[in-house]
Amino acid sequence: MKKEEAILQIKRASKHFGGFYAVNDVSLEVKRGQICGLVGPNGSGKSTLFNTILGLQKPDSGDIIFNGTRINDAAPHQIYNMGMVNAFQIPHIFPSMSVLDNILIAARDYPGENMIESLFLRRKWQEKEQKLIEEAMEILKFVNLDMLGFALTSELSGGQRKLLEIAKGLMAKPTLFLLDEPAAGVNPVLGKKIFQKLQELTQEGMTFLIIEHRLDLLFEFASWIYVLNKGIIVAMGQPHEIVDNPDFYQAYLGEK
Amino acid sequence: MNIAVYILDIIIYIGIFSIVAISLNLEYGFTGLGNFGKVAFFLIGAYTYAILSQAGVPFYLCLICGGIIAAIGGLIISLPALRLREDYLAIVTLTVGEILRLIVKTESSIGGGVWGISVKRAISISFPAGFSAINKTVINAGVQIVLIFGILALCFIVLQLLTRSPYGRIMRALRDNELATESLGKSRAKYKAQVFMLGSAIAGIAGGLFAQYIRFIDPYMFMPIVTFTVWIMSLVGGPANFTGALLGATLVQIFDRGTNILKDYITLPIDPVNLQYILFGVLIILVLFFRPQGLLRESKFTTRPLKLVYEKRRSDTSNKKS
Amino acid sequence: MSLMLICDDLMNVNWIQILLNSAVTGSLYLIGAVGLTVTYGLSGFPNFAHAEFLTLGAFIGFWIAEDIGAPLPVAFIVAFLITGIISVLCYRFIFQPLAKKGASTIHLMVASIALGFIIRYSIGAVWSWTPMYFSIKWPSYIVGSVRIAGQWSLLIVVALVLAFSMHLILIKTRIGKAIRASSSNPDLALASGINVGRIILITWFAGAGLAAVAGIFRAVNTQIWPLTGWDIILPIFAVVVLGGIGNYYGAIAAAFIIGLAENVGVVFLTSIGLSTEYRMAIAFIIIVITLIVKPQGLAMLFRRG
Amino acid sequence: MTRKILLVLLIAVLLLPATIACSETTPTETAPIKIGVNLSLTGDLGAMGVKMLDAARLAVKEINAAGGVLGRQLVLVEESDNTDPAKGLERTKKMIDVDGIQAMVGPMITGTANSSGPYAAENNVVMVTPSATAADLSNQDWKPYLYRICLLDDLQAEVLANVVMEKGYQRLATIVQDNTYGKGLEAALVSSLEVKGWTGEHVVAVHFDSVKKDYLSELQQIKDANPDVVFAVTYADDGIIVFKQALDLGLDSIAWLGCDGNYGSGLFADAQSAEFMAKAFVAGTRTVGGIGDVTAKFNANFEKEYGYAPEVYCDTTYDCVYAIAKAIQAAGAYDGAKIQAAMAGLKWEGASGPISFNAKGDRDSGSFELWKVEKDANGNYANVRVSVVNV
Amino acid sequence: MAGILSTQNVKAGYNDVIIIHDVSLEVACGEIVAILGPNGSGKSTFIKCILGFAKLFDGNVLYDGNIITGITSDKAVSMGISYVPQINNVFPNLTISENLDIGAYHRSNKSEIKNSISEIFDMFPELAVKKKNLAGNLSGGERQMLAIARAIMAQPKVLLLDEPFASLSPKPIAVILSKLTSIKQNGIAIMMVEQNVREALSISDRGYVLVNGSCVMSGNSDSLFAEEFSRQKFLGLEEKKFDRNKFRVHNDS
């Protein structure tokens, strides 16, 4: 696998609401197999940038290129099926369904999700589903939720929901996984564990783009950081470079 | 005096309204689409059946066409309406139902307007002379029960299979959290429109069955109260459970007919019709307060493989213990 | 029918009279819709039992004015108060606890339909389904080519006074500002020390009271029976939706637009050879189109509402 | 779980007949005869149906006081179709299957007659309707089991057409209820005028929804079309609103024609409506009892019993009960098929005039009254007879 | 210095998630206290739990020496605690004057309210010019000023501000800073949550630093400001030693 290749490229993307530029001429690259961090104070445009990448909002200008394809105009579900998934900061769970159901629904290329096939090709999807359940169990084990597979999602604690949100993303076997604050709202030990897991997954070729306010964790695991402030990338580099970069502190602690 | 015959009539009504109620359960209970215009699709099915059967089309084609046209109607309404907030969707569908009724009422060229339209029974049997009226009625009712419950069983099985499949999982997911479902790569517009079409088609078929059983339809039969009645059935029985729809339809029918019969034997201080509706209102509010999920809950398992895994796991743990 | 003939038809119409009729219809819808739009905006669900508040008010007014023989203004006031209190009780003991239990919008809506059943058929049980009529005889005036009946002028005056005094209340008084603040930003209203729960109760009280006034007018103009309110609930919903849910000024504009649309609609319907029965459909189509195309309705024009 | 539920369902369905069966008493030769009544006691036409039910009860009371039928008392099984034909059929079935009636008064509305007809005929149950006037009903294959005490639309329309011809009106406007009754009479009048070679023009046709109850603009339409005669088909409740609003708009300068639906003191409940009718109505039609004192006696008894004067279709409802009683008497048994056969030969003087049936079971003789509204010295309004036309 | 508002070992969060762990701090009359920390550190949650907008699991809130734990916001306002949320902090459909009137909702003396309004307009001439404008039409800085002005209308003894400078450009920040100083001079205690550390510390008397829901530093502003070297500490990065050779991926970039 070519690690140097950029899986996601953003070229001069802008997004404004009224006169306010939430994302202003941002260009960045995420390389395959990398954990890439995106940091910045509140209101710096991180979430808007994420939404733009995911197709939830259309950029006003610029290009978003995923795996060599321009995805500016793709719908969120199309982008998902191309292999880019995300985990929300506040877990988007399906409370009336079991944990396993929550994960299974995230699988891509699943034949049973077509009305005709789910009715008339039952054997086909049931076989596939058995395999998917096994995979889902693996993933649950990976995030330590394997004992809760049949619990109702509404009964999970906040931290467990967070893990479930990540597990859902993994079920889709993504090539690029966008995470919005994976460690927020979970205890520090678990937060660290999550990042360790993510690092394990990079060994399998998965790529992560992560927004995280727990800078200690992010800087420990990420290999590249972009610092966003007021819609503009003000600094980038490896964590140790960022730590020494005055622009980074200016973004976070205010103008001098 | 033939109470048995009357019971058969009740059973047939239960059958027809169960079909409408399960279509509402499909839309509302499983997918979260609050369709308050159920009667519109019921009406489309009934009028399609009536008009086609007058033209001599065989009954099964009439039913299928009724379903298809209702599905098309559902698609036309769903395209713009399904992205609406749930209360807007409710108001829009309720209003569309009334517009449709107004049209068939005013345009007498469509289905006789206010004069209504006579409908032939789907299956009419020519009895040899000397058959008693009772026997004829019973046999006719028997044929109707076979027809209606056949279709009910078919719808029930199809929907049961559908909701216990990955497709059903997506439906439930849409109900729980639309945005999350979309972000998991499922086009919510597509799935919602499909479900709405399927639900409308089923309601349309029920409308056809209703028309051929009543043998006469006119616009006064398709008031919003029909939609509300179906909602009562669904909410009482359990919106996310098809057996619940059957239970709800049965309870409402028995309540309706039972109180109507009881009034002949009990002297009430108030008019029985008024009392009936007051009790309906109280019943719904009580259900919403104390049993918002209905009498029957949603099934825990979305698919059969999941259930098998669950059972296997349970037996494994119990084996370990022993 | 050719276009020429249609034009010819339209020339013959007494447009001033049509405008007056529209004002009458619109005034009634306005009084009926104000309460619904405010409670819809604040409580977040369409209260279908609002129709029954109209009916109930009409019956209470009828009872006071005809059976007891009190003058009409007394009937208006008593109907306003009693209906308002009943509405508050309904909110307090049905909708509020349901909302606290986490009932969805649909459940609240179904509950309101159920409450509507209870009130409507209770009225039917108490007063019977036979229509009744106010015995007051109103004078009728001719002004130029226009005829004005006494009850219409009263209705229009009440609607105008209501529109203006509501405006003053909302703009000038403490409670009015609190109502607007609560519907504009409920969380901040709470953080500003406004007891939003109490504000909601007040709007339910006043809204239902106004519905009662509208119900009496409807009854005076036509008849009184248990469906008095239900007969016009969909046009009232059309006003609420077109005006922008929760927007008072939008509702004023929408009431008169829909009054105009219905009455002018009758003229156009007959001139193009359609049944006047489609008059009902005009309001319905306005609902559907507004919700699909621009769910915020006219609210964008009246941001201050 | 599912199996349990199905079991419960089954038990519930089976319990219902058990409860009914327990409360049933087996009919004997001396037990009262149950006659069905299927009217609209709630819904759009509920107000009218309630009064008609009073008339039926009066007839039963009188018959029972006179010794009943075949030595047995009559009992009414009262059902309401809520002005919904589907409900109407359901209620008919209930009366036939649960109460075992062989004859019934009603249905009140044409829709319920259409929906209930086939089932009644299959079970040999006779329906005698006081008010379903639509001509179309005569051609149904189940028609032998429906007898009609009311006179049909086309007969009434002919009388009205004569008035139009005689007075020489040239511009006809119609404002009719948007239902079988209104549209039926309107169509019958127009075709009757055509047959008679009328040269005038039908300038505007307004079909109104009786639920809308605000007809200002519709009436304005009529006014703007400048007709010289307006034909109104309403019942009492909507009629009041139409007429009071017509007065508000000054439509009393035009001649108005009425029909049986807007006959009766119910329309005078509102003073403005009464004033308008007195001013504007040149004539209205309705079926009447010709000579004889049956009508007078009915009117007097009705008013004495209920405290208000009988309104439209009260007399025919009353006659329906008598028709059934007489047919049972003639048949010698309470048996639908026999009653149906006996009914055809009946001929008597009813509250609504001389009654007999043609081959189709429709009333073939009767008198129409032309009426007007007048204010008496005390300031009370009343319908006044202009003339009587026999058809 | 007696604290007008203080917290004792509060634990707070949402639903079942605890975000704030054992935080005790206080603000005294006529003092500005800044609560600093990177985003996600729980600052906003902390301020919200005082007024019951976030869930308080444990600990106490004291106001004027009395325990007011679990108070409802309308009572808190009438007692003298005003709160300015970070977003949606004005009533967009109301004019500036009306927003101020709402601020004085629990006050009854009309002439006093009138005086307060004119005082406010003296303090915020920018708002006085536009007093008939809808708040929804104001710029970000003006909105923030209005939000603060609305809160002052309640005549609070303590003003709680949630990130008053967020997403504002330097110029309005400077204006608001000066306004806060004059508010302080009127004897109102201000407790302000902010991530713009320098701006906040430039006017505050004391500061607390929250990282990951716990208070890691506190002291007077000058001393905090002086700890410029510990800026990593503000971001919770103080003990991390980033291995410069750990990542080779980007060496060439």
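Going by the order they are written in, the chains are A, B, C, D and E; count residues from 1 in each one.
Note that a contact is a pair of C-beta atoms (placed from the backbone, for glycine too) under 8 Å apart; a residue touches a chain by one contact, two chains touch by 3 or more.
All values reported here derive from a predicted model rather than from experimental measurement.
Common neighbours of chain C and chain D under the contact rule above are B. Relative to the C-alpha centre of chain B, the farthest chain centre belongs to E.
Centroid distances from chain D, each centroid being the mean of CA atoms, peak for E.
Two chain pairs are in question, B-C and C-E; the one with more C-beta pairs in contact is B-C.
The geometric centre of chain A is 73 Å away from that of chain D, both derived from CA atoms. Our note on geometry: chain C versus chain E, Cα centroid distance of 44 Å, whole angstroms. Taking each chain's centre as the average of its CA atoms, chain A and chain E sit 32 Å apart. Rounded to whole angstrom, the centroid-to-centroid distance between chain A and chain B, based on C-alpha atoms, equals 42 Å. Shown for chain B are the residues that touch two or more other chains, namely 105-106, 271, 273-274.
Among the residues of chain C, those in touch with two or more other chains are 124, 275, 277, 280. All chain pairs in contact, by the document's touch criterion: A-B, A-E, B-C, B-D, C-D, C-E.
Within the complex formed with chain A, the chain E residues making contact are 14-17, 19, 38-41, 163, 165-167, 170, 195-200, 212, 231-232, 234-237, 239-240, 242-244, 247, 249-250. Interface residues of chain C facing chain B in the complex, by the touch rule stated above, are 45-46, 94, 97-98, 101, 103-107, 109-111, 113-118, 120-122, 124-125, 234, 237, 241, 274-275, 277-278, 280-281, 284-285, 287-288, 291-292, 295. For chain D in complex with chain C, the touching residues are 41-42, 46-47, 50, 178, 204, 206-209, 211-214, 216-218, 220-221, 223-226, 237, 240-241, 247-250, 269-272. Across the interface of their complex, chain D is touched by residues 1-7, 9-11, 13-14, 105-106, 108, 113-116, 118, 133-134, 136-137, 140, 210, 214-218, 220-221, 223, 243, 246-247, 250-251, 254, 257-258, 260-261, 264-265, 271, 273-274, 296 of chain B. By the touch criterion given at the top, residues 2, 5-6, 8-9, 12-13, 16-17, 19-21, 23-24, 27, 41-42, 77, 79-80, 82-86, 89-91, 93-94, 97-100, 110-111, 114-115, 117-118, 122-124, 134, 136, 140, 178-180, 183-184, 207 of chain D touch chain B in their complex.
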